[in-house]
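Dumping the structure here so I can ask a few things about it.
In this document, chain identifiers A, B, C, D, E and F correspond to the written order of the chains, with residue numbering beginning at 1 in each.
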Amino acid sequence: MKKIDKGIGKSALQLVLANSDEIEEAETHMKDSDFIYCLGKTGSMELQKVVSAIETAAKRNAVIDEELYREMHALYHAILEALEGVTRGQVSLGDVMRTVGLRFSVVRGRPYENEAEGEWIAVALYGTIGAPIRGLEHETTGLGINHI
Amino acid sequence: MKKIDKGIGKSALQLVLANSDEIEEAETHMKDSDFIYCLGKTGSMELQKVVSAIETAAKRNAVIDEELYREMHALYHAILEALEGVTRGQVSLGDVMRTVGLRFSVVRGRPYENEAEGEWIAVALYGTIGAPIRGLEHETTGLGINHI
Amino acid sequence: MKKIDKGIGKSALQLVLANSDEIEEAETHMKDSDFIYCLGKTGSMELQKVVSAIETAAKRNAVIDEELYREMHALYHAILEALEGVTRGQVSLGDVMRTVGLRFSVVRGRPYENEAEGEWIAVALYGTIGAPIRGLEHETTGLGINHI
Amino acid sequence: MKKIDKGIGKSALQLVLANSDEIEEAETHMKDSDFIYCLGKTGSMELQKVVSAIETAAKRNAVIDEELYREMHALYHAILEALEGVTRGQVSLGDVMRTVGLRFSVVRGRPYENEAEGEWIAVALYGTIGAPIRGLEHETTGLGINHI
Amino acid sequence: MKKIDKGIGKSALQLVLANSDEIEEAETHMKDSDFIYCLGKTGSMELQKVVSAIETAAKRNAVIDEELYREMHALYHAILEALEGVTRGQVSLGDVMRTVGLRFSVVRGRPYENEAEGEWIAVALYGTIGAPIRGLEHETTGLGINHI
Amino acid sequence: MKKIDKGIGKSALQLVLANSDEIEEAETHMKDSDFIYCLGKTGSMELQKVVSAIETAAKRNAVIDEELYREMHALYHAILEALEGVTRGQVSLGDVMRTVGLRFSVVRGRPYENEAEGEWIAVALYGTIGAPIRGLEHETTGLGINHI
């Protein structure tokens, strides 16, 4: 019956993992699908700025309707869940002396065959986390998924 | 100087994200690199079995040397960090009535240009998490990276 | 514009806080509102049983449609959030040698003036938490709210 | 023997849940009991200010004796436990781009029949949590209880 | 005024850190002080057994009065805080495939000059944590302190 | 085979627990061993400053090589683990209105008999945690251990 046959999470992850020569194909693939999405970059020692950058991009690109709290609520929790993967333990950056440089994607659509399942949202993050010194960093990723 | 130019984390993620028709290419790509790796599947309501399945695969495929605690210690923490991304908040499964079905990869190698940085290990997870009822689930992912 | 004028959370809390002589009034008040709800009791050292009892009651009383994952997903996260309030720190019971005796309510409805905000769900918990010895316990509460 | 017959936690919750026309009755009820209490409001994106507002009110209203560390210690942990219920997962506000508007009560007294159980303290919180934009918020609650 | 001049925490730590030839001196030192204490060993993959072993020892040695919930409550939270130091992140053992072998001490007394500060309790833990395979382990410690 | 016979963790703890008349002996004992170490003090409401003070001391005293990310990575995670013991629940200070005054030690060496286990690092913390008011504080400790 219900099946994740369109992989909204995988779609979101592939957008942030794509190299500069793969991104065009990844974006074309998204445009051919029923999903809508946005893609961006953010880097900061302040978690607040990371949350804010993703929210702003999702609003500006009309991936979510900022007039509706239910949509903002769905997005917010998907962002926080993705940040759990990025921060792995304590959802904080500067407070524990670390910084991130991330690519993010927000994908919205109907990933289940059953139409009644409605729309869902996926937030994917990929980039680096480390000390606030160039090179002292390793890769990190996170994925948050929510019904909308 | 130091740069994540070989992307040990991205390599690990691409292995678990590959479809059945992409996996051969992904594995060939790995074999051409200096990285060693293993790939597997695990599904359970018991977190303990997930940890154990990954550890066993890494040992059997000689990705890590089980005789050395330092290698087991590096792998263990990379697994736990990847599970933070999968569980997003509370590192538990059955206790909070949920189950996972995951593909995992463990990749080991030298991701930094500077040889002195030595070996690192990446654990990537991708699959589904949800209620212990077929279909009541969504995608989830996690990545843990550690020096070895 | 949007305003929590119907207090879905407060409604849920008042149901679990009502004494035996207040419960009739509280239930009448609910029946006069647009909210649908269910009310129950659960007690266990196993968190899994607490989650399960609430899910089962919500399904049996048709507060949520168990055929739809989006509804189960909304309920599940509302339950977990309510349990954060009950457990205050580590979402576990028997593992850290404690047990709960709880009244729970699940309330579903439209708490915002703006119709487009749609339906939301609130899970309220109230009871005791303590050592698995009669009397060695104090009160505890929790509230989780989610869009549905 | 021991029994939570006076419900210090429920008393604290009812104070913060009372509407403007119920508060007088709730306060009268408290004055007739052996409990002492204080009641206040606080709103902030900074968790520090929330903790501080509650501590200050409890000191000014002589609910606790600020000269005694043991009393401050009991209050502090009760506040933190109540905040776990409010924040549900990560005890932070502005860092994860959210703000609260809360009513709080601090109640002190002897909730157990056995006199030797001595005094206990309850901190209850009720209000809204959400984005720092009017209306993008839902209800939240928390209760912390400690021996004093 | 108030000062931690008797170091209840340090006293508890020194008891668990003492080698076999230092333990006699450490115990003599304790007996000369106003503190009462108990000392024991516990090892398990089940957190529940660790909590239980410490509680049982504290009761049997009359460090706390098991008839009084306020004393059990003070001890319980001190144990949990000590376990946060031992587990560093997720308060779980077997669920994440690890085991502990610990020495524990529970010390009770008046650590502050001001008599009104009354009695406090300290729980110290020291030992090893690691995989359930001999030798794959490293040291770990934890300290919890509470008013009683 | 492998055995924690040199106690890198206990060595680190004894350095921070030593009184002014014991410190000389403790340091002499360290100098006679194969371990290298540094010792310092830090106090702050900002966690960032605590992390930074320990990192700076370890670099200046050549306990770790700041040019190598793998060493900084090992140290960083050992510091965070030690801070879990100090903060017991939420790794934050000023945000939850508390401050610390800590002695810290960083010890590096080969604690296992098997030479192949290589070098490990231990970070020990001991001091006080409490309200930002003199005297309203109790003792706290933490220990983090990592392979390097």
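Note that in this section contacts are C-beta pairs under 8 Å (C-beta built on N, C-alpha and C of every residue); 3 or more make two chains touch, one makes a residue touch a chain.
Owing to the predicted nature of the structure, the values given are computational and were not obtained by experimental measurement.
Engineer: Over half of the interface residue numbers used by both subunit A and subunit F, so same, or under half, so different?
Structural biologist: Subunit A vs subunit F: different; shared/all numbers falls short of half.
Engineer: To test your reading of the model: what rotation angle superimposes subunit B on subunit E by C-alpha positions, in degrees to the nearest 5?
Structural biologist: 120
Engineer: Could you work out which chain's C-alpha centre is the most distant one from the centre of subunit C?
Structural biologist: Taking each chain's C-alpha mean as its centre, the farthest from subunit C is F.
Engineer: Going by C-alpha centroids, which chain is farthest from subunit D? Tell me that one.
Structural biologist: Using the mean of the C-alpha atoms as each chain's centre, the farthest one from subunit D is B.
Engineer: Based only on mean CA positions, could you tell me how far subunit A sits from subunit B in angstrom?
Structural biologist: Subunit A and subunit B have C-alpha centres separated by 20 Å.
Engineer: In angstrom, rounded to a whole number, how far apart do the mean CA points of subunit B and subunit D lie?
Structural biologist: Subunit B and subunit D have C-alpha centres separated by 43 Å.
Engineer: Any idea how many Å lie between the Cα centroids of subunit B and subunit F?
Structural biologist: Taking the mean C-alpha position of each chain, the two centres sit 30 Å apart.
Engineer: List the centre-to-centre spacing of subunit A and subunit D in whole Å, with centres computed as mean CA coordinates.
Structural biologist: Averaging C-alpha atoms per chain gives centres 36 Å apart.
Engineer: Can you pull out the residues of subunit C that are in contact with at least two other chains?
Structural biologist: 2, 69, 73, 89, 92, 95, 120, 135-138, in rising order.
Engineer: What part of subunit C is in contact with subunit A in the complex they form?
Structural biologist: Contact set of subunit C toward subunit A: 2, 68-70, 73-74, 77, 112, 114, 116-118, 120, 146-147.
Engineer: Write out the stretch or stretches of subunit B touching subunit C in their complex.
Structural biologist: Within the complex, subunit B touches subunit C at residues 89-90, 92, 94-98, 130-131, 135-138.
Engineer: Considering only the defined contacts, which subunit A positions touch subunit B in the complex?
Structural biologist: Interface residues on the subunit A side: 1-4, 7-10, 13-14, 17, 81, 84-89, 111, 120, 122, 126, 128, 135-145.
Engineer: Can you tell me which positions in subunit C touch subunit B when the two form their complex?
Structural biologist: Touching subunit B from subunit C are residues 46-48, 51-52, 55, 69, 72-73, 76, 80, 83, 91-92, 95.
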